[in-house]
Amino acid sequence: MGDLGWIFISTLLINNFVLAYFLGLCPFLGVSGKLETSFRLGLATIFVMVITALCAWILNTYILIYAPYLRLISFIVVIASVVQLIEMAIKKLSPALFRALGIFLPLITTNCAILGLAIFATNKGYGLWQGLVYALGAGCGFTLAIVLMAGLREEVEMSNVPTMVKGIAFNLIVSGILSMAFMGFAGLFSAG
Amino acid sequence: MAKSEKQAYDEFIKGVWRENPVFVQVLGMCPMLAVTNSAINGVAMGMATFFVLMGSSFLVSLLKNLIPKQVRISCFIIIIATFVTVVDYVLLATLPGIHKELGAFIPLIVANCLILGRQEAFASRNTIRMALADALGMAAGFLFALVALGGIREILGEGKLFGISLFGDNFEPWVIMILPPGGFITLGLMLLFFNWLEEKKKKLDAQVAATEGSDL
Amino acid sequence: MSEEKQAAAEAGEPSSNRLVGTLAVAGLLSGIIIITVYLATFDTIKENKARELREAVFRVLPGVDKMQRFLHKEGALVVSHVEEKGEKPIYGGYDKAGKFVGYAIPNAGPGFQDTVSVLYGYKPAERVVVGMWILDSRETPGLGDKIYKDAEFVANFDHLSVDPKIVAVKKGRKAKPNEVDAITGATISSKAVVRIINEGNERWLPKLSKPGLEPALEKVEATPEKAEAEK
Amino acid sequence: MTQKDPKLLIQPGPQLRQQMTTPAVMRDVWYALAPTTLAGIWFFGIGALLLLITCIATAVLTEWYFSPEDERRYFLGDGSAILTGLLLGLTLPPALPLWMAVVGSAVAIGVGKTIWGGVGSNLFNPALVGRAFLLATFPIAMTTWTAPGDFFTMPSSIFALPLMTGVVDTVTQASPLGLMKFEYTDTGFVELLFGNTSGSLGETSGLLLILGGLYLWWRRDLDWRIPVGILATAMAFSLALYMMDSGRYPGPIFTALSGGMLLGAIFMATDPVTSPLTPKGIWIFAVGIGFLVVLIRVFGGFPEGMMYAILLMNAATPLIDRYTQPRVFGRGLDTK
Amino acid sequence: MNLLQQIKDSLSRNIGSFDHGVHPRHHKGQTEKLAIQRLPFGKRFVIPLGQHIGAPAKPIVQLGDAVKRGQMIAEPGGFVSVALHSPVTGRVTVIGSERYADGTFQDAIVIEADQYDPQQMDVNPIDWEALSMEDFIGEVQKAGIVGMGGAAFPCHVKYAIPDGSSIRYLLINGAECEPYLTNDHRQMMEHTEALLYGAEIVRQKLGAEEVVIGVEKNKPEAIVALQNAIKPGQPVRVAPLEVKYPQGAEKMLIKSVFNVEVPAGKLPRDVGVAVNNVGTIIAIAEYFQTGKPLIERVVTVSGPGVTYPANLIVPLGTSIREVLDYAGGLKDETRQVVLGGPMMGASIADLDAPMLKGSSGVLALTVHETERPQEYNCIRCGRCVEACPYFLNPARFARLAKARMYEEMAETYNVMDCVECGCCTYSCPSGIPIVQHIRTAKDHLRSMKGKVQ
């Protein structure tokens, strides 16, 4: 249990996918303009990540031990199709949920944070529960980062950032400061 | 003939400088930021991307007429993933040290939007020759950006370039450069620098235009 | 030219058979390429991995020349040649004469940044740690990475008593045989290494065979890495 | 004498203004920091003075260089750059090489302030952005604490050549927090209060910091809720831990007086620009900082968490502000 | 209501005050001891047709007509509109565009005074007790009475209570929270009887139980004068109020006196209260006692730029210049002349513009008051937030308005609830003209709304 707790804290704060691993930067930089949207994108990401962890575990346990060379392709294909299936199911079962989250699903399925999650979880040799917690932590970490970023960006929208700086350059530097602030969590609960 | 050569050259130069995938188009950032804490890693990642981009551009433009529109993205991804897997295994077999450094980020080349983007925007619509020129340019531009970023981070972060010590023993390394915030901030500042160049150039052009106008 | 036109006409309404067919062909093609490369590189990769492991084991167990994997099964250590999922192995090291020297135990735990994977050598006869090596870590360059770059720190583990348990103390204060001089500026990472070894000891020491009763060196050809090395 | 027809000004109302202006607020903060600054120089010597001057000069020059030409006078006129330089200097170890201080101060103003659009637009505390950058860049130099010496000490490390390591030749000594975290030793209450301990230039004397805070509060330049909220939360949290294991966790008094707690709570968390606007938001902000400081100090990898706690809550400030708008007069009432 | 809520309520029942607001120095010393004087009649009187809120009045006189003092010269242009009367006996010389205080031109009737007329009026009391409610409202409209508190809102509209609502309290606004102004103060002391008489009329007509007169505590003489004049058993009481701006804003006043918040978008009558300024009530009293419609008002002439500050009865339509001249003229240091109080009033462009029904003061300000601090970026100090009596977020308004994000100002931050009291601008150390930004935003929003419809 302590192990699972640490996995969660570690991916949420210390090894945040966006701020420490540079994963999921396109949505992080591209969709963080509006708070509302960012939050929903975050939720959708958590969802897809958990599905991914599940798929990766199934693939790793039942298929890839026989054909390790298919890892990358099978991850991509399986994750994309499962998410697509779920998207269709959601659309049928709960149109409201679909409107809230569904539009983001295609955007996320092929991004590097999802693939990275599958690959890291595999490399770390996580079991089912560890993988799921890892995915949850990574997704929540992504949500935390993008929501903070969106808050900052909405605020900055109203202020007089020099035009030369505006845009990706500025967002990257803000991410850098945010990443620096998150360094404060390093070593959390491991000092012993 | 000469004309098409010039065209191909143009495509190449466009990718390296004018439409540099990183500094101008801001594509493919995730796989690059994570590994560019040294010039040599930048080279390795750049070369890996180079190979994947060239290979898939070649295949895609070769097969462009055979692939139906509806499944083209899936086909592109399969092609790209194939090349990435190949690179992964080859690196693991030949340069295990580098592979360890780049680690899990090699498979992530698949997700690099630059590669898929080039297939969609260029290779699937052009001749093999042009597709290769374009891929060469883009890959070279990407490589250039990775090495530049990795180089800066290595110089400040360790006082070295390609592992060669630059400032002597007493150098105080700028640890942040090798850490994630350093990546963000350095790339941000480099983009800022490019914006600044652009602005400067625009001003200069405007001045030139103004003086020419007055001459008339 | 006419072919192209035809293709264009078809592109409007390709049958679903054709779509599936294309994908299947693409998959097949890519499968063939991947398997070819996989087979071509398989041996080298395997050898690289084995060599890496061997080097690490030899590093943490000085004087060792041969090794084999152990698993803990049904209350005893048994030699294992194939990887099994979910089971964590340790390694036994033997000298040139085939005499048992000690164990190389891998363990991992949280460090300053991310998980730190440690391999350490343990001699059950003297109840001492005789070597430590970091297999994987993301500790801060220049600080935390001293846990493997700083020879002085690594040397702490050359002859380190595990009784009652290993303790990290401030640099220069090492007095007892079970104490480790921590790295200044990287106390957390140093303590993490110590903690990881202590945890490894807790898990493994009770499971080890009685000194002198360790599994004997089995037929060397059986271990694939040995086979490679002999080539 | 009466004028025939004076040239009348047309100005939008209201015609009256209270007397306080932004530059005056900034000047008040200088005055409030003066005792602490002088004490720092007294304890750590002329070297400390040089360090502070370097920080301030770099801050002002950077601000001047990056501000738009036609607005330079106005940008510098508010005096906030001097304050940023001073506060950064006060958070540095006294033996830090001057060239590093230059880097930190330039980053503080350049990355922490001007790219955001100058005073008032930045969302992170500029001085702390500079300091966080320095800590992550030169972790060893930034955690090498020297013991207070006599007035004429000038560590040779501060004159290290640019890009080169400074060799600290004065007596180094772990800070009270370092001692606590890694050796579980307490430092006495009296030392903490009067500041004869090692640590950052400006954080050593609790008493003078509190005095400065009272001055600012009296001048209405500072929102009392922030320091009170931070200290109360941090002390409550550490009291709870202390009661669980007093040998291992620091007590509430030590928590309140050690490290950057007071400097941060009184002068840095209160930076109006980077703290929430709404009363409820300010409480959330303060409680968040108090909690994070103790979390990082006790369970995290760093002996001191004030800087990170403030930066993290700075990041959350826009969100806090957004969700704590006060209830508008006449809205949200129970409809009868 | 549960017990907890009750305890909370009784604790928060800080009668006599409201939350937030500002404390500007009140500068009333210059005029508060000066008895009301009458300004001599001038020569030329300009009566703009649209000097109240609502539809402009319609002229009923012709060019060249002779008019008597108090004669109706324009009739109401609709229900939300009032009549206009001639302030003097004289002749109509112009019906057309005239300069307004803000520099624009407005339709007006100009009357040249008859220099030789004694300007006396007949006394024609009106038996208000006999009037039906409808007739009463008609009379008030005919008398041209508008709110004298500054907004110049037609008074009779307030009295037209729709079915279903009823008024329990008549709240008389004697707060006079604007610095410098003392006209309400003097009227409460000198016209106490008229005030109480008017209060009785309105109370009876509206069927209210009680009259409450809210007066800030910095006018103790007024409070004493009123208390002495109130007869035992009369349903009138004086509520002393904390000295704080904008104590006189009606919703703040209601909060201070009754601890009731008028919901946003609702009117005082929705909580059973009718609010009238002191001057308004006195004007009503005078009309029913003597038949004199609203043709003059009490004005405070003050400020450091005025030679002899005074409280004057000014015939409406008199030019500002004449008022100032009577007060000894402007000093050389004068930089700005303000019509109304220094917080809500507007600076004027032309001294020849006329005094209006809503002009409570003429203030001459010097460099010391008019110099504006250098404007800096907002430093989010929160002083404006702590000042806004409506609990809005002025800092956010300023930022959003600068970024032209007007829609968000309305949707998320309720900018339309702002009454432009000026507390935010007053308290801002960065010298940001927040109210100005808010006005820009409101104008924009209104014009957008117009377009959509």
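Going in written order, the chains are labelled A, B, C, D and E, and every chain counts its residues from 1.
Throughout what follows, a contact is a pair of C-beta atoms (placed from the backbone, for glycine too) under 8 Å apart; a residue touches a chain by one contact, two chains touch by 3 or more.
Since this is a predicted model, take the numbers as computed values, not measurements.
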Shared interface partners, meaning chains that touch chain A and chain E: D
Nearest-to-centre chain - CA centroid comparison: D
Maximum centroid distance from chain B, chain identifier (CA atoms): E
Mean-CA-position distance for chain E and chain B (Å): 69
Mean-CA-position distance for chain D and chain C (Å): 46
Centroid distance [mean C-alpha coordinates] between chain E and chain C, Å: 85
Euclidean distance of C-alpha centroids - chain A vs chain C, Å: 28
Two or more partner chains touched - positions in chain E: 377
Contacts with two or more other chains, residues of chain C listed in rising order: 27, 30, 34, 37-38, 112, 140, 142-143, 188
Residues within chain D bordering two or more other chains: 111, 115, 117-118, 120-121, 133, 136, 139, 301
Every chain pair meeting the contact rule: A-B, A-C, A-D, A-E, B-C, B-D, C-D, D-E
Chain B partner contacts - residues on chain C that touch it in the complex: 3-4, 7, 10-11, 14, 18-19, 22-23, 26-27, 29-30, 33-34, 37-38, 41, 44-45, 48, 52, 140-143
Contacting residues of chain A [partner chain B, same complex]: 19-26, 29, 69, 71-73, 76-77, 110-113, 115-116, 119-120, 123, 164-165, 167-173, 175-177, 179-180, 183
Sites on chain E touched by chain D in the complex: 22, 24, 103, 179, 251, 255, 261-266, 307, 328-332, 334-338, 342-349, 351, 363, 365, 369-370, 372-374, 376-383, 385-386, 389-393, 395-396, 413-414, 417, 422-423, 425-431, 433, 435-436, 439
Partner chain B, residues of chain D touching it in the complex: 97, 100, 111, 115, 133, 136-139, 141, 160-161, 163-166
Chain C-facing residues of chain A, complex: 6, 10, 14-15, 20, 61, 65, 68-70, 73, 124, 127, 186-187, 189-192
